[in-house]
Structures are given as structure tokens and as C-alpha cells.
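Before I ask anything, let me first share the structure, which is written out below as C-alpha cells.
Every chain is named by a letter (A, B, C and D) in the order it is written, and numbering of its residues begins at 1.
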């Protein structure tokens, strides 16, 4: 939070400290309260969708939802008001989520049923990591994100292959089962292929002919073997990122993978302690 | 078992040796007998729940169950009586399990049906590791536990993301399928999301609309890719704990990951043999 | 693309540049256009199989499909015409796919229903990697391919074991369930075994007897443990290929696994920089 | 095959060479013929179980099965007759499988339906590895076997934990769902737990109450996380066995994990080349 707050007025600074900060008592209390309110509001929307509850407490739930939305709206305006660069907050990931979690309730006035979309405010719960000892979780999240990012090329190649397989096998099944037993169209057969290759297996569509069951068996064994590929990719990346965290790179010759506490570079003899202390 | 038994009376020492110990013949026999009784009592509770069996042998099963519960009660009192620090045993993990496996039968007198909970005594079977060559299994268990413990931050981040995904996609499906085809409420739709993303796929709830099936396909492919993440995390941790077991740390400069049989620290030249022999 | 184009006429060179090349603007535009046409033609075949759509737009879809097939035929002839070695293109992987994606439509005149097979042209979409930054994806694909290729012996051993298990357990289930509850023949019971061991679990066939459910439970736990094996194999290979990419081999003594930026071989002292610069 | 054949008569040696050997042309032809006969006989038993086939070709299939069984019986006797140590063959893994694949057909005369068990002869197909380039596959099989063997303690701890979880959650579900919705007894509820935690998910038994679905969701997420554990264990072991294969151990100081082509031990300076050439 290395933002320049000097251009803010005093009341803005105070609100900023409470809403955005999490070091002061006020900031911590605000965060805990916010989390409870978010949880309660998500639960309200969920309960509203349960018919038995909705029939008895329709009006009460509606009122509670509007109170929550009003609170979030005030919070959103306050966040804009006390930001040194309001636009930067509005366009940030959390800013967009904050806005998106407000819209559905207002939209619900005009279009029926859409207010349920306000469960998107569940994403706001990731603020919880600020209350918990932040850095550990951020480190974990960053490492996972990096592992997925570094392996993106392999994941795209993998997903492309899977898509080709499901399209072709889905079509074959459509021809083999002859449009019966649930395989009524190619898109539906492809849906069945995805359900099968991911080993979900609902069973609402299932081959009945001998040839269809043989092809399905082949697809399952392929899916079985293929399931190993993304796991291998991600595991490999996680372990490399782990190694990267536990090693240093020589600033002189560029050798990486040196043990973290090395005094001298194994390759060129550069004094690493001196360099590291400068960082 | 480095407990101080000197303050115990002679009869307490003898019972302690049999009940808690597993080096003497008496202790071993007691452990084997206990395991058989636990297995038999768990089987009794299971059989009681099978209607055909219960109709014919209701009274016999009830009597057998009460005999087992009486034996376990005696054992529990004996464990307390011969412990040098009774409270420490009562509050230990095994002590709590021992108590919890007694309560349901007694509770069954007052509240119907709860006595089935006494299958919790199955957990007592982990004493089996004491009879088998203990240390190997404890080492295995400890290593698995450590791997899960060290990766707790990443696992929490991962579970948090999964929860957000299932809440949002569950709500979307509720709106898309319009409360039909089993998606009768948001909680039920979230239940379906979890069933799908974990690739369980019961099929009691399954999307029927084209849009619903497309979203479900996306969720499955996400689940597929996401399944790789916890595997990667745990694999990485298991391999690191393996490495930690097979390496030594220099007591002088703190370099870790040194080969187990190193004579000198690769980094600072410290004589490791001398230090290790001191440990 | 180090092909010798000198023996081609000028018009052939020009077409070759557009159809096979992807460096010039014309070549790029052609590739993008081709991808869109392929996608559109696959979608057409899919839509044709949806009964509601087919009833209303049967003639239009047929016409569109024939236009696409005509375009692909022209493209196929053009590719042959402007290749320096036409036979090499025809027998290459992409050449065979290009031909296979044409045949089903023509075959559909004589044999009803087979034209749906033309979705095989979805495989042609892998040309998309040429438009995206090629080398990264090719590297990813090659690495995945290598990982699977190097572990082929282990994968065959693994699949052989799985096949033996499903054949034997399938037969046992056929005997246990006595030809009822869907286990009407051994092939069908084997199909159920595969559905179960791969954790797909449709539920269209499910054991009802106590013995059958016990055996099924055993099969599931086996499948659970066995699922770990291919993952382990592939992960291990991916990590080794990763290591191979990040290490150099000494040309003097054959030591491999040397850090990529090593100046001298750790084993024989060979100057690696000199050798690497010669490569 | 370092057996001492000197005590065999000439005709025994000749038969031994053909039946057990796979270096001579006769031995190879015998192996290929045997594999085809095994495959054919397994297929016969399968076909016999398909009602439509059995109705039309009952007698023919029975005759074919008896011919195959006669051939296998002759082969089994021949194997005993030409072994230098017949008892060792009879008690070896392959010897027991050879016998077990004969018994069911003979047993089928007395007990109806058991002859289907003769599909156990499918295991005999592992002789196929002798025809293919043997050593690679044996290496692969051995490595997989070792990986599973070395991690047995961890796998037992893991399976023990899973069993405790399914017993307890199965019982809880029996109480929660109140013996309805398929949860008619504790054993059946435990069966459901196993179906769920292994992500098979047939859907023949599925919770209907809100509390039951919540507990099921928890079980699925646990199963999801737990699935990572065996994968991690096996992957870790496969990678270690890979490393063991690619490293040498110093015969002087016992340092292992030395690069395969090392000339000198990194730790004690022992000349490894001299030692390795002696091995």
C-alpha cells in the first residue's frame, strides 16, 4: 500500500485508513464486519431461492437484501471518495468485483430473476486473506498462479487436443448409436464425451450398443491416461517454482539454481553475499 | 513412552504395562484382543442396521453391544486409574476417541438411533500400528501429515477458489435451468456444482438445456485442470519432505540440502561428522 | 520450412507463399480465413445433426456444407499443385488429415449419415498454432509428446495390468450378480469394470447384491490407488524432460545434467563454453 | 533363465527349449501360437455369456472351450514334465496361474456357471512381454513394482485413514437420511461413501436431505484433496527410483546419488571408475 495519500483531505485519510487499511484497530474491525455482512448477504440470496423459505419470508428477505445492497453501495461510494486515484480503484480487479456485486440487485427491479447473480459478491471474501496473516497466503496464491501461468503453453496444447478428441469421438458416437439412447445430436454427443473424458459420468446419456460401449471404454481409458498430463504439468511447475524460491541467481554470470545460502557462485566465484546484501 | 511411572503403585504399574505397553507378551496379547473386540463391536453395530438381520436377532445384537460397551467402559476406567497423569490421557487424542466411542451407546437409551454413532470406535483401530512394526508406519503417517501441514496455505487458497467457483457457477445454473431439472434452489445448484467439479457426477441432477450443458462442460474442464493443482501441491511437499529426510543441515552456516553422508559442509567447510555425532 | 522452391514456377511460388507460408501478410490472412472457414464448416455439420434445426434449414445447411467442401477441395488441389514434392505433402500427417476431411461429404452421397464424419476437419485447426507465436506451443507439444513417448514401456505395462484386472473382476461380477442388474453378459460386465475403475461411474449398471457391492468397493479403491500410477509416470517424465532442457551434456566425458550455464564440466574439466559456441 | 538343464533327458531339453525358451525360432512360434490360443479361449468364454450368441451356438462354443482346455492341460503337463525342478515351476507365480486357468472348466461340470472363471487365463497373456523386447518392459514393470513396494507404509496409513473416514461418514449419512433414499443400512451407506470418495458416483444412492447433501459435499471435497495423496506418494517414489537408476553409490564411503558418469566420489575422492568396472 505505497500509495501517495498526501493530496487527500483529513477526513479522506481517516476513511481511507479504515476502509483500505488493515493495520489499525478500526481497519481490522471494518474488515471483519465487512466479511460477516458479505457472508450474510450471500446466504440471504441463497435462502431466497429455496421455495419453502421464500414462500414464508419473501418480504423480509427482500428487505434484508436491499439493506445489504444499500450498505455495499455506500461502501463503494466511500471507497471512490477516499481513493487518491479513484479511477485506478474503479478499474482494479477488486473495484470491478465490488461494482459487479452491486449491479444484479438493481438490475433485478427491471429483469426478473437476475438479482440472484449478486452471489458474485462471494468473490469479495478474498479480502479475508488480509485479516489472516496475509503474506503466507499471498505467497501461496502467487506461487499457484505462477505455476499455472508458466505452464500455459502446455495447458493450451493439452486442452486443444482434448477438444479435438471429444469432437471426433462425440460425432462417432452419434453415428454409432444412431441418434438414440440420448445421443440425439452431435452437440449432445460432444457433451457426453466431455462428461466421460473428465470421468464425471452423470449417466443421463450412456451408450447401449456393443460398439458404442467399446468406443466409450476406449475414451475412458484415454481420459484416464490423459488425466495424468495436466497433473504432471502443474506438479512439475509447482516444484520448479519451489526450487526457484529456494535458490539464488548469480548476478555476475547468471547461473541460477544456486543453494539459497551460498557464499560464492559455484560457477564463476562471484561473492554472492555482497550482492545479496545490496538488494 | 518416556512417562515417569515411579509415583504409581505396583498394581497400577502392572496394569499400565499391559494396557498402555506393547513390549511385553501381556501388552501384545491385550492389544490384539482389543483390536478383535473393536472390530467385532463395529460389525455388530453395522449388522444391527441391516433390517433383515435386525428383525431376527434384535435382542441378541443389543446384548452383545452392551457387553462390548461394558468392556470398553471398564478399559476406559482402567486406563484412567493406571495413568500417572490421568487428565493428560483423558485430554489426549486417543483419550477423547476412547470416550467418544462409549457415549453413543449410553446416549442411545435416551435418543433413538444415535447408538449407531458408536462406529466412531473404528478410529481406535489405529492402535493396530503399535502391533505392526510401529516406527515405519508412524514415519509414513508423520511424513504425510507434514506434507499436508506445510502446504496448508496453498490448500486454503485452492479450496477458497473452488468454493467461489462452485457458488457462482451454481447460481448461474439455477438461473439458466430456471429452477427445473433438479436445479430447484441455489443451495441445490451449488451441491450439483460440487458433485460436478469433483468429477463425482451422480446424475440425479443434470442440466437439460443447451446453455446449461455448455456451462457444465466448461465447469468439468475447469475441474479437470483444477484437479491437477492439489495433486501438484501435495506431490511437491512429499518430495521435499523426502529430500529433507535424506539431507542434513550445516550447524555452522545453516546450509541445508547437503547430502546425508557429507563429511564437510559444501558451503563453509564445517566438519559435519563431528556435529552430527554430537546430536 | 527449408524446402527447395527453386524448381517451382513463379505462380506456384506465389501460391506456395500464401498457402503454406505464414510470414507474409497474404499467408497470415489466408491462415486466419482458413481457420474461420474450418470452424464454420464444423459448426454446420453439428447444427445439421440437431433435429429442430435440420427440419427448418435442411436445404440451406446442405448447400453451405457443399460450398465448404468445394472450397476445401480447391485448397487441397492447390496445395498439391504448388508443392515442390507433392507426394511428400499428400503422405504427411497434415496432408492425410486434409484428405480425410474431404472424403466424408462425398461419401455421404452414397452412404447415408457418414457425412457427419467430416467433423474430422476439426483436427485441421491445429494450424492455429502457426498464427499464434508458434515455437512456444510447439515446444510445449513436443515436450508432452516426449514425456509420453519415453514412458511408453511403463504405460503399456500399466494398461496391460488394468486390462487383466477389468477382465477378471468383470467376470467375477457377472457370476456374483447372476446375470441380473445389468450384468447380462461378460463383455457388459467388463464394460462396467472399466466405467468403475476409471471412476467415471455412469450408474446405468450398478451392483445390487452385498457381495457385488463389496467387490465393487474393492475395485474402486484399487482404481483410486492405480490412478496414481500413470500420473506418477507422466509427472516423472515431464520433470525429467524439463531437466534435460535446462541442462547441458559434456561432449568430452558424456556427463549430463550439468547446469545450463556451466563453464567447465564438473567431472572432467572440459571447457563447455568453447564446445557450446561451436554448436 | 539360468536353470541347470544338464540333468534333463534330450527330449525334455528340446521341449523345454520350445515351451520355456524364447530365443529359438521354435520357442518364438510356440509363444505366439500360445498367445493367440489364450486370446481365442478368453473370447470364447466371453461370447458364451452373451445370451443371443449362446442360444444359437451353445454346442459349438462348449466344444471349442473343451478343445482349448485340453490343449492347456497338455501344455501344463508338458511344462511339468520338462522342468528340471517341476515343483518349483508348479509353485511359481506363472505355474499357479497356469493351473488356475484350467480348474474352472473342469469345475464347471459339477458346479454350474463357474466355468466363466476360466477368464483368469487372461493373466497368462503377460507372457506377451517375452516376445516383445523383453527387458524394457520388465524394467518398467519392476520400477513400478518397486515404487509401490517402497511406499507401502504410506499407502497402508493412507488406506487406513480412508477406511475410517468412509465408515464414520457412512454411518452419519445412515442416521441423517434416516434409512431412506437408498441409505437402508450402514453397510450400504458405507458402500455409498466409497462410491463418493473415490469420485465414481453411480448415483443409484444419493442424498436427498439438505443436511445429507452438505455432508456429501464435504466428503467430495475431502475425497478431492485426498486423491492427491496417493498420487503424490507414487510420483515421489517413481522419481526416486528413476534417480536411483541414474546414479551410482560410492563403495568406499556409501555416498549415493552420485551422477552416473562420475569418475571420483564427490565426498571421499574414491575412484569410482575402477570400482564400477569391477562390478
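Going forward, a contact is a pair of C-beta atoms (placed from the backbone, for glycine too) under 8 Å apart; a residue touches a chain by one contact, two chains touch by 3 or more.
Given the structure is predicted, the values throughout are model-derived calculations rather than measurements.
Chemist: What is the chain whose Cα centroid lies farthest from the Cα centroid of subunit B?
Modeler: The chain farthest from subunit B, judged by C-alpha centres, is C.
Chemist: Can you give the rotation angle that fits subunit C onto its twin subunit D by Cα atoms, in degrees and rounded to the nearest 5?
Modeler: For the C-alpha superposition of subunit C onto subunit D, the angle is 90 degrees.
Chemist: If you average the CA atoms of subunit A and of subunit B, how far apart do the two points sit, in angstrom?
Modeler: Inter-chain centre distance comes to 29 Å.
Chemist: Centroid from C-alpha atoms only, then distance subunit B to subunit C, rounded to Å. What do you get?
Modeler: Roughly 41 Å, centre to centre.
Chemist: Two or more other chains in contact with one residue: find those residues in subunit D.
Modeler: Residues 187, 199-203, 227, 231, 233, 235-236, 239.
Chemist: Taking the complex as given, what residues does subunit A use to touch subunit B?
Modeler: For this pair, the touching residues of subunit A are 42, 45-46, 49-51, 113-114, 116-117, 119-120, 122-123, 125-126, 128-129, 136-137, 139-141, 143-144, 147-148, 155, 159, 162, 187-188, 191, 194-195, 198-204, 227, 230-231, 233-239, 242, 259, 261-263.
Chemist: Which residues of subunit C touch subunit D once you look at their complex with the stated criterion?
Modeler: 153-154, 156-158, 160, 163-164, 167-168, 171-172, 174-175, 178-179, 184-187, 190, 196, 199-203, 206, 210, 213-214, 216-217, 220-221, 223-225, 227-229, 231-233, 235-236, 239-240, 253-257, 266-268
Chemist: Within the complex, which stretch of subunit D touches subunit A?
Modeler: 199-203, 231, 235
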